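Once you scroll down, you'll see the structures, which are given as structure tokens.
Below are two complexes that have chain A in common, paired first with chain B and then with chain C.
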Partner chain A sequence: MIELLGQAATDLLSLQTILFLFLGVIVGLVFGVIPGLGGTTALALLLPLTFGMQVIDAFAMAGGIMGAVAMGGSISAILLNAPGTAPSAATCLDGYPLAQQGRAAEAIGAVATASPLGGLFGVLTLLLVLPLAREIVLLFGPPEFFLLAVFGIVTVAMSDSQNLLRGLIAAGVGLMLAFVGYDDVHGGVRFTFGSNYLWDGIPLIPSLVGLFGMAEMIGLSIKGGTVAADTAAVRLDGVVSGVRATLRHWKVVIRGSLTGTLIGAIPGVGGTVATFIAYSTTKKADRDPDSFGTGRIEGVVAPESANNAKDSGALLPTLAFGIPGSAEMAVFLGILVLHGMQPGPAMFVDHVQDIYGLILALTFAAVLASLIGLLTVRWLAAITLVKGQILAPVVIAVSLVGVYAINLRPGDIVLAAILGVLGHLMIRFDFPRLPLVIALILGETAERGFQQSMMIGQGDWRIFLHSPTSITMLLLIIMSLSWSIVPILRKRMTSS
Partner chain B sequence: MVHRANLAQTDDKLMNKRMNAVLPSALIILFVIGYLITAYVTLDATTRRVPVLFGFVTLVLLAIDLFKGVAAGAKQSVSADPGREIKAILFVAGGVAGIYLIGFLAAIPLYLVLSITCLGAQPIRVALIVALIASLSIFLIFEVALAYRLFPGILFS
Partner chain C sequence: MSFGTSRLNACLLLCLLVACSRSGEYPRDDITIIIPYNPGGGFDTFVRALARSLENHLPEGIHVVAKNSPGAGGRRGANDVFRARPDGYTIGAFNLPGVLVPELQKLPIGYKLSEVSWLATIGSDPYVYSVKGDSELVSIDDVKGLDRTIFYGATGPGSTAYIATNIFNEVLGIPYEVVTGYKGSSSYVLGLIRGDFDAALVPMSTARPYIKSGDIRALAIVGAKSDDPEVADAYALGEPKLAEIKVVRMIGGPPRLPEDIRAILETALLAALNDQDFKDWLQSTGNVAQPTGANDTAAMVAKMSEFYEDFEEFLD
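On to the complex of A and B.
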């Protein structure tokens, strides 16, 4: 393996390949920063361009994009509360409050450290588990997928101990919205009211941009002032303390990276779930979980570690079975096919050196993107000093263009605006937005897993107890529920 | 007399707070009931099984939240300036309507100038400069560099 890695590194270190890697990183950063665009769009646009390239150059550029998009997405999540990419939405939760406190540079410093560390962890894990890839992916069938989706929703909904009930309500509404559109188990459409736009369901990116970015910008335009509440307190030199804080919270980095790699490897679940679960588990494991959401640096470190680690995880089912772990990987699959590679077990025999080249490209890209991010952080953090009355309409306008650019559907603009207003009202009436988003993402997986399991088990509920994996998932759900409910009950019993 | 007027004012405030606590839950309950009725009317038993299950669970949770809101009063913050809040929402709605009607390239500068001057109370000169830079950047990034055809609006398409 070391010999193959060495060979791949030699291929990657040619001037031409480094230039393609650098180009990929720049494109990835730009597409990551603009809300709504993201890695999938960048890869899709560059896919035809890779046709004439050598395989290693194409992989370097694709790896550059995938490795840098996370960093770019997190920069706009922290500075504007408008996640550039869907998985960066979790970074908004504590990153934006940090920016409001004038600690944007510290948050970006933490991102720039946690991101490559997560990427490195993911790559190392991938290298270790590649020989076992087939066995791991085959552990998950429909009952396990259903239980995993329930686990994701429950973990996130219960993460706000002050607002458990409203978290569960938001998750319930999110699930109900997730069932809008074509029912791919039984056929037919549901809750579309004759609208063709809703056939594909409620799209994720406009929902995220609306609920997080636009909602905050509406709030900012009402409130006035700047993103950073106290402009005198804005520290543009906090990068080093962000780096130090990340290294100090190395356990959070490992937990986040592990979550990212594991969840990223499960097809259809994706990076957004991985980052939110990494955030929730870190919050739950903390001694003071209620302080999360007010500007805790661990709330940035955890999702960022997961954000880059998930790419390595998602590569596993893509390369081993041709089952993309995310939309980004689906486009990457196109690049593989374009270069005459057939994903599957044979890929690990015929193109093993190219795979190692890609893994190294991902690693270098994460480090390079972080370096560029660190070099530009002082100027980027200055965005928090721009007046809200100017910043809010500009961000709303750019977000709407970005949202439209994904599928060129005018309906996406309307949806983002509606969810922006809904998000603003949710903030005002103290309903957490996170459970709604996570339920919207996982609703389809949960329903498909449930219906398929019931078909396999012929209506017998014991299908959810048929394997050690499903029993483990079930235990994790019970643990997650009791972790949140038991302390509240105990507190009430003590006070009564 | 003054004491009685103060009491009446406190009662009004409490009432407002309570309304604030129960209003969102009451509205979501209406939404869920509408959702369930639609499911029963338009879908067959197998297709509606999962949506209806989650609909009823959410309804129970909402009923508990409503009961809690009525019993304990409100903890929500009342908007400091409801007029400004409505204005901000209307500006977003107006921007989207503008994009829908006349397209991105015409609506965005207009939206930016109006938002920055009317809602943000900034000088017109600042608004014009920001609108020009932002619109030009959007045009160069999306139309020129990425070769997207930005939505021209239903009036021009």
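On to the complex of A and C.
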């Protein structure tokens, strides 16, 4: 393995390949920063360009993009509360409050440290478990998928103990939105009100742009002023304290990276869920969970460590079975096929060196993107000082162009606008947006998993107890529920 | 020459010019090819590679832009093509019988395949009756001999794999149940290896690497002749009509596409499919193309419609 890794590193270190990697990183950062665009779009645009390239160059460029979008996406999440990419949405929760307090540079410093660390951790884990890739992927069948989806929704919806009911209501709305469109299990189109646009369901990216970016900009326009509440308090030199804070919270980094790698490896669940779960678990494990959302640096460190670690995890099912772990991986799969590689059982035998090359490219890209982020943070953080009446129209216009550019569907713009208003109302009436998003993502997985389990088990509920994986998942759900409910019950008992 | 005739001549010349440019001008602009699936899949990659090859057989500077329009099992993409202006600047890829079946079921789909201006067939993908690699079953007779309901995995109802499973079992009289909802053929191959169900009909292009690695075992093949004596084909099973079960990939344009434009596109597509660079790419990726022209494609659509009409009751 070490030999092949060395060989892959030598391949990657040619001038031409490094140039492609650098190009990928720049493209990734730009596509990451603009809400709506993102790694999937960047890779889809790149796909036809890689035709004439050598495999290692194509991988370097793809790896550069995938490694860098996370950094770009989180920068806009922190500065504008508009996640540039879906997995960065979790970074908004504490990153944006930090920016409002004038600590944007510190938050970006934390991102620039946590994301390459998470990336490295993910790569190390990937190298260790690569021989077990098949076994890991095979652990998850329909019952396990159902339970995992329930676990994800429950963990996130109940993570705010002050606001349990509102969290559950938001998750319910998210589930309703998730069930719109074509039903893969029984066929038939549901809740589309006769609109072709809704056949494929409610798309995630326009929803996120609406719920976070648009909602924030609506709020900013109404309120006036700048993102940072007190412009005098804005410190552009907080980067170092951000780096230090991340290193101090090394346990959060490890937990986040582990969550990212594990969840990333489960096909169809993907990176957004990974970062949200990393955030929620860190919040729950903290002594003062209620202070999350007001600008805790751990709230940035946790999802960011998961954000880059997830790519390594997502490679497992993509390479071992040709089943993408995330939307980006689906497009990356196309690049593999284009270059004559058939993902599947033989992949780890025939193309090990190329895989190592890609893994190294991902790692270099994460580090390179962070360096660029650190070098530019001074100027970036100044965005929080721009007046709302200038910032809001620009951000809204750029976001909507990004949303439209994905599929060139006008409906996506309308959807982003509608959800922007919904998001704004949710902020005003203190409903958490996170449970809605996570339910929107996982609703389909939950439904499919449940229906298929019922078909496989011929209607017998005991199918959910058949494997050690599903029992573990059940226990996790119970733990997660009791973590939130038991303290409330105890409080009621003592007060009565 | 009087002023009148010169004006008449000018008019005639103008008409002639317009007429010439009408046929001579196409294509002046980039051509969009609609792919009815998400970017990154096997079909998507194939059509993107074809689009690139197609550019080499069109006038200099004309680009072929691939546009993904995923949704509802390929129906939305078909709809987009059908509704496009018949000017030759929008064409699309079709996957049959995937988009044919909802039409036979008289679902509200918004397109009629018989009216599509067919341009070319890319090729077809036969189905492999597969079981887990370590299964005790080695032939279809073994499956019949189990004398119990056989569980299959497939994509959604109305999908090609689902219908193929229904027809196969109905024709051979095997009692069956289908676990639906897997996202694509790679997903249900994974389900088969994991043991979610007994067997599955898997497109050859997906099954090949797993058969090679021993993860799954092929018991029969439909939609093509078998070249392995261990693996029965439709004829060996005694049901030749099962040979019609296969996925066929075609390129078509909106209805009422002018004949001259249709001919230009057909010629360019066939040249692109037979291009040596494209063939090299096919070989390096294990893909197969069996290109045929517009008339054969239209005939194939009609033939498939007839075949599936016979099995209408098993379509959903």
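In this section, the second predicted complex is superposed on the first by the 496 of 496 C-alpha atoms of A that agree within 3 Å, B and C clash if a C-alpha of one lies under 4 Å from a C-alpha of the other, contacts with A are read in each partner's own complex, and residues count from 1 in each chain.
In the analysis below, contacts are C-beta pairs under 8 Å (C-beta built on N, C-alpha and C of every residue); 3 or more make two chains touch, one makes a residue touch a chain.
Here the structure is a predicted model, which is why all the values come from computation and not from measurement.
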| item | value |
| --- | --- |
| Clash or fit (per the criteria above) of chain B with chain C on chain A | fit |
| Which of chain B and chain C A:Leu127 touches, first, second, both or neither | neither |
| Which of chain B and chain C A:Leu371 touches, first, second, both or neither | neither |
| Contacts of A:Leu385 with chain B and chain C, given as first, second, both or neither | neither |
| Chain A as apex of chain B and chain C, Cα-centre angle in degrees (nearest 10) | 90 |
| Which superposed partner A:Gly420 touches (first chain B, second chain C, both, neither) | first |
| Contacts of A:Met214 with chain B and chain C, given as first, second, both or neither | first |
| Touching partner for A:Asp183 - first (chain B), second (chain C), both, neither | both |
| Touched partner set for A:Ile471, first chain B, second chain C, both or neither | neither |
| First, second, both or neither for A:Val337, with chain B first and chain C second | second |
| First (chain B), second (chain C), both or neither touched by A:Trp199 | second |
| Lowest inter-chain C-alpha distance for chain C and chain B in the superposed arrangement, angstrom | 10 |
| Shared chain A contacts, counted only where both chain B and chain C touch the same residue | 183, 186, 188, 408, 451 |
| Residue numbers on chain B that touch chain A, as the complex places them | 20, 23-25, 28, 31-32, 35, 38-39, 42-43, 46-51, 54-55, 57-58, 61-62, 64-65, 68, 75-77, 79, 81, 84-85, 88-89, 91-93, 95-96, 99-100, 104, 108, 111-112, 115-116, 119-122, 126, 130, 134, 138, 141-142, 146, 148-151 |
| Complex contact set, residues of chain C against chain A | 38-42, 44-45, 48-49, 51-52, 66-73, 75-76, 79, 110, 151, 155-158, 177, 179-184, 186-187, 189-191, 193-194, 196-197, 208-210, 212-213, 215, 281, 284-286, 316 |
| Chain A - residues contacting chain B, complex | 34, 45, 165-166, 168-169, 172-173, 175-176, 179, 183, 186, 188, 190-191, 214, 218, 221-222, 224, 387-390, 392-394, 396-398, 400-401, 404-405, 408, 410, 413-414, 417, 420-421, 424-425, 428-431, 446-447, 450-451 |
| Parts of chain A lying in touch with chain C, wherever the complex brings them together | 40, 44, 47-48, 51, 137-138, 141-142, 181-189, 196, 199-200, 267-268, 321-324, 330-334, 337-338, 340, 342, 344-346, 407-408, 448, 451-452, 455-456 |
